[in-house]
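In order of appearance the chains are A, B, C, D, E and F, and numbering begins at 1 in each one.
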Amino acid sequence: MDIALVVGTACPALGRAVADALGVTPASCSVRPFPDGELEVELRSSVRGANAYVVQSTCAPVGERLLELLLLCDACWRAGARAVSAVVPYFGYARQDRRQREGQPLGARVVAEALGTGRLTRMLAVDLHSRAIEGSFAAPLEHLTAVSLLTEAVRPRVRPESILIAPDLGAVKLAEAFGTRLGLSMAVVHKSRLSGSEVAVRAVIGDVRGRSPIVVDDMISTGGTVVAAVRALREAGSGPEVTVVASHGLLVGEALPRLAEIGVRMLVTTDSVPPPAQVPFSHQVVSLAPLLADAIRRLEEHRPLAELLASR
Amino acid sequence: MDIALVVGTACPALGRAVADALGVTPASCSVRPFPDGELEVELRSSVRGANAYVVQSTCAPVGERLLELLLLCDACWRAGARAVSAVVPYFGYARQDRRQREGQPLGARVVAEALGTGRLTRMLAVDLHSRAIEGSFAAPLEHLTAVSLLTEAVRPRVRPESILIAPDLGAVKLAEAFGTRLGLSMAVVHKSRLSGSEVAVRAVIGDVRGRSPIVVDDMISTGGTVVAAVRALREAGSGPEVTVVASHGLLVGEALPRLAEIGVRMLVTTDSVPPPAQVPFSHQVVSLAPLLADAIRRLEEHRPLAELLASR
Amino acid sequence: MDIALVVGTACPALGRAVADALGVTPASCSVRPFPDGELEVELRSSVRGANAYVVQSTCAPVGERLLELLLLCDACWRAGARAVSAVVPYFGYARQDRRQREGQPLGARVVAEALGTGRLTRMLAVDLHSRAIEGSFAAPLEHLTAVSLLTEAVRPRVRPESILIAPDLGAVKLAEAFGTRLGLSMAVVHKSRLSGSEVAVRAVIGDVRGRSPIVVDDMISTGGTVVAAVRALREAGSGPEVTVVASHGLLVGEALPRLAEIGVRMLVTTDSVPPPAQVPFSHQVVSLAPLLADAIRRLEEHRPLAELLASR
Amino acid sequence: MDIALVVGTACPALGRAVADALGVTPASCSVRPFPDGELEVELRSSVRGANAYVVQSTCAPVGERLLELLLLCDACWRAGARAVSAVVPYFGYARQDRRQREGQPLGARVVAEALGTGRLTRMLAVDLHSRAIEGSFAAPLEHLTAVSLLTEAVRPRVRPESILIAPDLGAVKLAEAFGTRLGLSMAVVHKSRLSGSEVAVRAVIGDVRGRSPIVVDDMISTGGTVVAAVRALREAGSGPEVTVVASHGLLVGEALPRLAEIGVRMLVTTDSVPPPAQVPFSHQVVSLAPLLADAIRRLEEHRPLAELLASR
Amino acid sequence: MDIALVVGTACPALGRAVADALGVTPASCSVRPFPDGELEVELRSSVRGANAYVVQSTCAPVGERLLELLLLCDACWRAGARAVSAVVPYFGYARQDRRQREGQPLGARVVAEALGTGRLTRMLAVDLHSRAIEGSFAAPLEHLTAVSLLTEAVRPRVRPESILIAPDLGAVKLAEAFGTRLGLSMAVVHKSRLSGSEVAVRAVIGDVRGRSPIVVDDMISTGGTVVAAVRALREAGSGPEVTVVASHGLLVGEALPRLAEIGVRMLVTTDSVPPPAQVPFSHQVVSLAPLLADAIRRLEEHRPLAELLASR
Amino acid sequence: MDIALVVGTACPALGRAVADALGVTPASCSVRPFPDGELEVELRSSVRGANAYVVQSTCAPVGERLLELLLLCDACWRAGARAVSAVVPYFGYARQDRRQREGQPLGARVVAEALGTGRLTRMLAVDLHSRAIEGSFAAPLEHLTAVSLLTEAVRPRVRPESILIAPDLGAVKLAEAFGTRLGLSMAVVHKSRLSGSEVAVRAVIGDVRGRSPIVVDDMISTGGTVVAAVRALREAGSGPEVTVVASHGLLVGEALPRLAEIGVRMLVTTDSVPPPAQVPFSHQVVSLAPLLADAIRRLEEHRPLAELLASR
């Protein structure tokens, strides 16, 4: 494989782990801020003629991460890389995949178009919040999924009383994917105005009495959705132990104390975003490195990605 | 308003109705097939300096409808229209908004890109199957909704025992919009592998016993989803009278007899696609003309579209 | 040769014949209409890293054929093909290579631009109606010619009294190409207002008395041009036996009975468009497969196409 | 009319005449070569908010004329013109509208694409050598014709014995347009290998004995085609007086003495290219100014161009 | 003037001052970070049909500022603005206008291309570090200068012993512009290896003995260049009082204490970047509002920008 | 190396020398003017699958050279070259890298955009007048420098009393590069209005008394800058012998006699532009062939260009 793996500053540990998994040395690359915050980017090893893969999540601060990604891709392209692929474990602004009101921008498309200036040959992303944003990118997107990695991490914790929980309708397909692999049934928490009133109520669909919930979502940001779901589960009689599984653990604001307070005992996420140092409960971080390395290897060897792809 | 309303052959009655509602005469325009099926398109009235609006659904045969739309837009553009907007009441291939498997094309993007060659200033569409395909278009999209028109059509039929039904998860938001306007509660039919088995089961979420279902969806194609939902509703004890409401009534294949057989008494759709001549039950066709005409008028008068837009 | 030959549904037999001639198995590829007519396209064999050639004529219904071609190309591109070439034996809308009147679209360019969204590396086409539409394509075009194949098919039927006929001015260069190869003289039928009057008259240029006409054209659609030319030839004293040779045999509408009625004994076309099942006179179908396979092989082997190209 | 008429250095007199016909003052604009030949271009009057029309033929030296045109369009665009239209009375490289052999460039498309970088809103051109190059331009093309102007100039010279001559097949449609207007019959000179031999022969189609030829073509470059046609006419018995009419009088190389020698008495061209100072026979130069001014006025007033367009 | 002035969060006070100077109310616009740092942008007043001007400096953090600018421009465009102009008082990454070494990106072009996705009609910027980056933008750039504003602010402080100082060669043209307006002579500090050695030395060109330096530069970042220049001036015998004038006062890191320590008594900058709250010497902030407002008004009134432009 | 070296007519000797240095035969390629000046371009050897390098300076007449370059690139691209790189030893219009006044075009960008239509993979240029025009090109630019070649040519002429002269501020960095290599000190001639007056004066910075100036610039056009600098040097007491070194020797107008008159004894340039036949003093022409060949070889072998690049 004549590849150059270029690792940005958003998730450096993951990048190095991908390199290890591929058995390559990351391209020597310097990304340093000038005193005024502008980035000085320089590839120090040659990428000429190589297929370059630039690993960079666009987590917060998204604009800075995105600009760094663009600078790295530009550097690869100008330095003569044969192809430049962006490997974006966490892709920001995916929730802005439509305008909700007149006067709003279409955030996901704005980010996708900015990325489109990077002369990308290909994009790799993991468990995007909205699958249809595939259509926003100018380059082909390989939409990978961490479901396999996450289910293997969760499997040892599965008990007879375990039940998978989709904390809202958007998480149902993901929860089903876990259910199929783990042989567990599923319940859904649905926030709706079922009665036609203006007040939204969270209803639990499925019998959770006495069951131990494993809440599944693509990402945990402030934890609000999970917290509300767990409250509804409690009211519906679920057991006290809660496990939370998510591809992307942003865990911003008061997410951690709120999750702790509501009784979360175990959190499983990937390293698409660098995990927080202090977590007040058990936090298992599953590395995406095997997934990303496998995808890159298959691309280089012209093999199908097949089961690495999100079952869409 | 210096506009040129150009009406394609996919939904000519709707086009003329839009013109009437706007109080304008449609642009004189000839679309005729040559003997080999290629289209001879010609604008006979001048569009120079005008804002052109080309009304054409891309219903089946989608390729032909799309090519006609492109030819009409090209004719407007070359003839000097100041701006060209595509008004697409029904937009085909919206369900292919993501690749489901490696080796598939991204159908919605393919169609959107082909449209993008038409030098469109703007797109208008109604109740798209997937809201996120907004991100696939190069031109800004005004995503209009027929919910207001449809609820007014349904309102006289609402009884105390009526209940809104989302026949799958994708229809929940639409059903909620109806519920808010009609003051009705909602139930959801969910096709899932709740038990982790490989067999999909349709569960009814909400109490439908003795209630008269009003099934809501964005489109009725073969009617399969509605038929399966009604079967599940029956098993869950719903009443025999079924009303079906959908923005787009494609009604292909055996849709009509199947709907009749399952007990549908009333179908409400718009004229985004020309309705079938013979329907074996009551079929109310609500014209999109007021909606489209209102949108065009607001655009021309630089007013917000506001409540005409899909509540996204 | 690491190629993937993808065969669309417009001319499947030709596609398979090209595969045979190249000694390759066509890529496994499914193109199926959903009940509402939208196409479900899926490559089942991997094209990653291969040069993909998508064989699809854009004969009637042109829009559907074109959209299928775009979906196939998109599928190849997203699945990682190294390059995607469209092989279009018959290219529709080639006659709309200029606007004839204000208010018309520029049909050939519209089709070419839609094709341009397919990220094509290259186009291959055969005996285009207008050679200058080469300039409409964003990708380079290899304009192949079937003249060699067709002359070899006609040669056994050449008699001392045979004479080549260009049925209008646009066919003169093609007829000359046949003449050079077959050693035959040529006459031209010219439809004109030679006298300055408003009535168009078909004049025969050249002496055809007692000669057996071999009428040559790039395509036979309704047969109108050939029928009118043969009438003029008869009035000018030509013999009763008429042979017709054309690259593309669309043969729509009443073409076959009209040609039979006017005395055509033999028709020679290629399989760029699937030939009709029943032809009321002798119809020799010359396969383009050797030509297309030879072109593909030369491209893959980086050899000149040379004599395969239309002598422009 | 809020227009800015910008006149390049290729045909300054025509540009000023267009301004006079429109009743406007040309934009103050300086185009001066630096000592090394690079052009210093500067608009001295404001074009902000105006529709700019840049008048420049791309006659020899085509590269210089084209670059000047691009610089002028760029200056207009950057200075805030609302729209920039290129008015190109003579468009060079129109004969390279297809590749004739592998290894050639597609000259007309190369020039059209370079022009496409000029952010043109619209192109105006006159009697293009190949009508299908309309498809090569990214901007819409108004293909004007000087036939009306030229026929009025020729009309006083028409005698009962006059006959229109198309000196090759490419000129037939143009000659027919003259014939319809002047009420004259037409003959065609055709250079062909009618006998299948390798020697090309010029045959005269139509009876020219004793007639006075009026030879019609879109352009006269070296005069070779006209000279050969007149020789063939002489052999076919035509009278000695020859009139030549062409939209574009390039008249390069030995064109003038050759035309004189062959007996041309009268030449009628337009001023799309500045006419030579010394012509050894009568040379009437018909200005394109009324045509171009009329076209610009109609565009500004949003009226159809109609009869100004080449009858395509 | 039908304009919509949209003010981003980078320099809100300047934006409001521009609105005041224009006599308009800024468009109602909300820019709020979600808890994970992604921005929620929404125009609350209508921009349909208006010329939108989005005021946003791309100062640190550049990526965030740039993304906000793109989101604002996208919101304007989708909401139907007739034209969208970016007004960027301070433009980041302007110093990366060339690659200095293989392996670097071309930062200014990367930012310019990202901006190019914003469908901008026009860019306005002030005293760019490198004038040639005008060529990097897809949209036309109006390169405004604050020299007039700054000279008027400095004029009252000019003494007979004042002398303008260009602290490096890149500032010479700017210092000359001040010199011409203030009637002052100039000296230049040049950092060079004049002797061919490897050690760079700062030489003072011009006699500064006993003179009071007014150091002029386009931007003050860490103050390093100014500090070194003042040291060289001191060694060359200049007086102790130092005034510093710059268009852009980034003043990052230890800039302020370093400038204080070296004896700067007075700093004059514009508000292109929000000024620091505490400055340990006199700091006059000249607002760009009159300049920007004047430029916008001239654009809207189709008048030349003339003396507002950087004398390039 | 599978490369095709295509040599245009602007600097044919240099092109052949590059081929020799690479040990390849230039592609057989014909570029001939038709009688009307349009170019007939044809590659006679196959470039299919090869990396094509087209060597062509865009010296005067720039438009013709540029158009020829575009035609050559188009021919390579259509004929199936794998990649097309433009090797432009002298790039015209580089001085128009910014608009100096409203109403001017941005010449360098206009040329760069026209080049951008050539589907270039890469550009190679030598000692561009403005380094920042790198940002104007759509393709990556390798900015090579002839400083090494030129210093080796000058070295034998260096005397103890030699001093390098930058004839204006723009040449300082170049002169420094010479100084570092030759171990010489440098003086600068600066044209300025140091006193604030309107009269520009050329001052000499550095002590040149009795020294022999070696004047260094990127290009010599009319020689005006050099002549003025030498006059200033003389007034400042420099010795009579003057050497001039420049990458590009345009030497237009009265450059040669003026340089002779001012006392230039030796001129060193490259062959980026064909040198004049008669030079009234010693003229050493250093071929760029080794530099260009080395760059091409490194690109083909995927090695860094490193020290071949302009120290930017």
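Just so we're on the same page, a residue touches a chain if its C-beta (ideal position, glycine included) is under 8 Å from a C-beta of that chain, and two chains touch if they have at least 3 such contacts.
Just so it is clear, the model here is predicted, and its values are computed rather than measured.
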item	value
Chains in simultaneous contact with chain B and chain D	C, E
Common touching chains of chain D and chain C	B, F
Chain whose average C-alpha position is farthest from chain B's own	F
Between A-E and A-C, the pair with more C-beta contacts	A-E
Intercentroid distance (Cα basis), chain F paired with chain B, Å	62
Intercentroid distance (Cα basis), chain E paired with chain B, Å	51
Touching two or more other chains - residue numbers and ranges from chain B	46, 78, 99, 101-102, 106, 109, 304
Which pairs of chains touch, using the document's own definition	A-B, A-C, A-E, A-F, B-C, B-D, B-E, C-D, C-F, D-E, D-F, E-F
Touching residues (chain side chain B, partner chain C) in the complex	34-39, 41-44, 46-47, 59-68, 70-72, 74-75, 78-79, 92-93, 95-96, 99, 101-107, 109-111, 113-114, 116-117, 221-222, 250, 252-253
Residue ranges of chain A touching chain C (in the complex, touch as defined)	122, 140, 299, 302-304
List of chain D residues in touch with chain C within their complex	97-102, 106, 108-109, 112, 130-136, 143, 169, 172, 176, 179-180, 182-188, 190, 192-196, 198, 203, 205-206, 304-306, 309, 312
Chain C - residues contacting chain A, complex	46, 48-50, 77-78, 80
